[in-house]
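Heads up, the next two complexes both have chain A, just with different partners, chain B and then chain C.
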Partner chain A sequence: MNRSFHILVGGVSALLIALFLVLLIGMLLELWQQTSLRAPHFSEIVFAARLSLITATLASAIALAVSIPVAYAFSRYSFPGKDLFDTLLDLPIVLSPIAIGALLLIFFNTALGRQLEHWFGPFVFEVRGIVLAQFVVVVGLSLRLLKETFQAIDVEYENLARSLGYNQMQVFARVVLPMARRGLIAAFLLTWGRAIGEFGATVTLAGATTMKTETIPVAIFLNFESVDISSAIVFITILITMSFAILLFVRKTEAYVR
Partner chain B sequence: MAIHLGCGRADEDTLGSLTLFCGSASKPAMEEISARFERETGIEVNTIFGGSGTLLSQIELSQQGEVYLPGSPDYIIIANRKKLLVENSERIVAYLVPAIITPVGNPAGVRSLSDLARPGVRVGLGNPETVCLGLYAVELLEANDLLEKVMRNVVTFGGSCSKTANLAAMSQLDAILGWRVFHFWNPDRMAYVPIAPEKIPRISYIPISIPIHTKDLELSRSFIEFVLSPAGRSVYEDLGYITDLEAAKKLAPRATVGGEYTLPQEYFDLLEGLREQR
Partner chain C sequence: MCDSRPFLSVESLHLTLGGFALRNMTLSCARGEYHVLLGPTGSGKSTLLKCILGFHRPESGRIHLDGCEITGALPEHRRMGYVPQDYALFPHLNVEENLRFGLRPRRMRSNQADSLVDRLCEVLSIGSLRRREVRHLSGGERQKVAIGRALATQPKMLLLDEPFSSIDEGAKRGLWLELRQIIRDVGITTLHVTHNLDEAYSLGQCQSLMIDGSLVQSGSTREIFGRPINESAARYFNYTNIFAGVAEKTAGGTRINLGHFAVEAGAKATEGKRVKVCIRQQDIRVIKEGAPVKDSLKRNILSGEITNLIHLREECVMRFKIEGSPKAYDLEARFPVHMEGRRELHEGKKIRVALWEPMIAVFTE
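After this line comes the complex of A and B, so read on.
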């Protein structure tokens, strides 16, 4: 019986791993079979990779900075309509990114949206639009992860610190945040990974402009739309490599912090 | 190389730049033409690529854009209905002639339109209800009494011209009904089988027009003139497009150019019948 169980568990795991390996191998074979390789310009690859790195880092850093106080508030305080607001903030996790992009584009067509563009500079069809679109897409995930992190910290630690004379800010900075460091790192890296692959909201708000708002997912889209499959595969390979590296880094960091 | 987080606001740059909303299938041509335009005039061209319908939504919502270049004239009809374009600003960049497109090497040995009706041939069309390429394909098949027979072999619809072309380029099917120019987009992966000229009832075209929100009508017009100049046309021709009506007519002498075609009831009945059979 034990043997059957081990075979079942191991077999399903092996099949799932094989599925992803087959997908990767299939893509590399497709690239190999190209009779004449049409690779994108090196400068385009560097631009797209750099833009993706910068925007994803900014968007996830802002998402984390915003999520820390909000997640703490939702994990510690009770207030009227809390469930309703909590659900509202979860919406970006389930909403299709293209819907988020459309909402943002519609917003910037309102009087308030135009005023914000007047004060802070343009977002529509600009690089800042990428950061904003990625931020709105990933902030729900960041909030969800941090709420769980703060909820896992026993309130008694905070009460003890308060009884020893710390004020609320000191308790948060010296007790809660250090205890939440693993969750904070994991939340940042996972939102970063989600942001770097973001496409739907980005392309709707910031547009797909070569060498301007061309992140790696946008480059994949543009090359597929031009039926330039080998160039698309080059960008897919870069995205997979970057995503794999970040996920591996999350695992190693979690193990190190533990 | 610089990545600017804040560029000049589009409506403040009254002379230095224009925004072009360009159907992504025209990306190779328009990148080249825009670069030449920038070199000759010093005016920066910000090109936003995408599906023609998505671009139209972006024009409507952002209220920006000096030039709109969709993949086919049906989007001009929609845009005109929504009053998003300057009246009578539409011009023709290139003509699109229907052809059978196969994966390179034509493994199923498709040689003519009637071969698409052969049992076992896997055929793809653009979705006739959403992509004008599909409409042209249905009209072509109907005009040649092949609609019912070929529809039996249709295994999928592409959601756009590019997606339909990719079905052949990725060897997912034996043949698609596409535009002749698809082959030139990626000759390493796609071959084309010409359709007998007298069998083609209609050809399409790539239009170019001016959004109503243009910040500089003269700039929009001068860019369009540049695209339609011999220099602009030669870029399209080098990529396999036909920019001359006479040349297009040689491939389809009886064809009308553009215009509207309504899907016949027979098409919907066929779809319903096939659905029940499956």
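After this line comes the complex of A and C, so read on.
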């Protein structure tokens, strides 16, 4: 019986790992079989990688900055309609990114949206639109991760710090944030990883213009659309490498901070 | 009662938290006193402590500390040292950083802070732990660091919430003595919350008993443990033998008729009143046949047989059936293990027991 159980769990795990390996190997075989290998222009790679890095870093930094107070409020306070608002803020996690992009596009067609563009500059078909789209897609994930992090910190630590003379802001800065550091790092890196691979909302709001709003996922789309498979594979390889490095870094950082 | 000038006073405090309420809580604590707030789990002791600390705002009532009203004061302005149940040592700081944590808001000069931390380490005997991560400390060490961290801010008083709850049973007694010595050395007014009777008895000069959100009784340790004010207090203080009866006047005082037996209770009840009689397990003595019986035991001697002997680690509990009783047993007595052999006690043995009259508690129903 024990042997069957081990075979079951080991077998399913091996199958899942094999699935991902097959996908990667399939991509490499496709690259091998390409009769006319054509690498994308180096400047295009640099542009897409740089734009992806900048927009993903900005979007996840803003998402984290916004999520910290909101997640803390939801983890500590009770207020009318809390469950309703909590569910509303979870929506970006389950909504299709294209739907989020469409919502943003429709919003910027309203009077308030146009007024915002008047104050802060254009978002539609612009780089700041990429940051906004990525932010809206990842902020739900960031909130969820941080809420769990703050909930795991016993409120008694905060009470104790207050009895020692710290006000609420000082308690947050000197007790809650240091104790949440592992969760904060993990939340930032995971939202960053999610943002760098974001495509649906980005392409809907910011469009897919070569060397303008061309992030790595957009570059993959543009190359596939023009049936330039080898260039698309180069971008996919860059994306996979970056994502793998992030996930490995999260794992190592968590172990180090622990 | 304790000192008449309260250093801490809680007056008519009301607080509702969900389905639980603190009702008309009144408590006072004299300067320099070690006061234990005692009560069963869920009686509201920790909630009251959190009200005093300022973490819960009462709906009504007032709290004064050292002559100043602090009812609406923020926790950070109350200058109270707090040691919570699991000590809440900051895991991202080492022992010394935990001790120094409360000094920053006080803006203490660094040489002053250094000498204060040195003195605390000396008093608490934790000098060798200064650089250690808190997760590597034992329960007793954690407790000392938590007390040190609270004392470092030189608070007006110290509040301890079940400070021994995470200490191994075997190590507790030694630590009670250490804590008592530390508090005596520092000379700080202390309010200590516990549900452990032995801990309360060993440490407290004064005690307050809380049951179900209300203060039941307050007084010196001897008074509280020896003279419970009502049946629920008596039950909490291990008065497991509780009987209902009617008080009758006799030549020597009052006799309480409990049906199949009667108890002489001095002048503790008014004739004709329905009363409850409460007798602690340790106040029932097995009579040594042929030996003289003390005066305080003479008036309440009962004959019967041992129905059960229950062996505990340090004690033995005896169930005793009074002669002619229709019950399976009437009284539960407790005595040291060695008594069983010395008096040759065994199940079914016919013996006589005596009730120690001064400790018989009688309450009018």
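The rule is simple: the second predicted complex is superposed on the first by the 258 of 258 C-alpha atoms of A that agree within 3 Å, B and C clash if a C-alpha of one lies under 4 Å from a C-alpha of the other, contacts with A are read in each partner's own complex, and residues count from 1 in each chain.
Keep this in mind: a contact is a pair of C-beta atoms (placed from the backbone, for glycine too) under 8 Å apart; a residue touches a chain by one contact, two chains touch by 3 or more.
Small disclaimer: the values here were computed from a predicted structure and weren't measured.
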Partner chain in contact with A:N159 - chain B first, chain C second, else both or neither: second
Touching partner for A:K212 - first (chain B), second (chain C), both, neither: first
Chain B versus chain C as contact partner of A:Q170, first or second or both or neither: second
Partner chain(s) touched by A:F47 [first = chain B, second = chain C, both, neither]: first
First, second, both or neither for A:F199, with chain B first and chain C second: neither
Which of chain B and chain C A:L222 touches, first, second, both or neither: first
First (chain B), second (chain C), both or neither touched by A:V124: first
Residue contacts on chain A - larger count, chain B or chain C: B
Complex contact set, residues of chain C against chain A: 50, 53-55, 74-76, 78-82, 84-86, 88, 90-92, 101-102, 105-106, 149-150, 153
Chain B residues within the chain A interface of the complex: 1, 3-7, 9-10, 19, 24-25, 27-28, 31, 46-51, 54, 57-58, 61-64, 160, 162, 165-166, 169-170, 182, 185-186, 188-190
Chain A residues within the chain C interface of the complex: 154, 156-157, 159-167, 170, 175, 178-179, 181
Of chain A, residues touching chain B in the complex: 34-36, 38, 43, 46-47, 50-51, 54, 102, 105-106, 108-109, 117, 121-122, 124-128, 131, 203-204, 207-210, 212, 221-222, 224-229
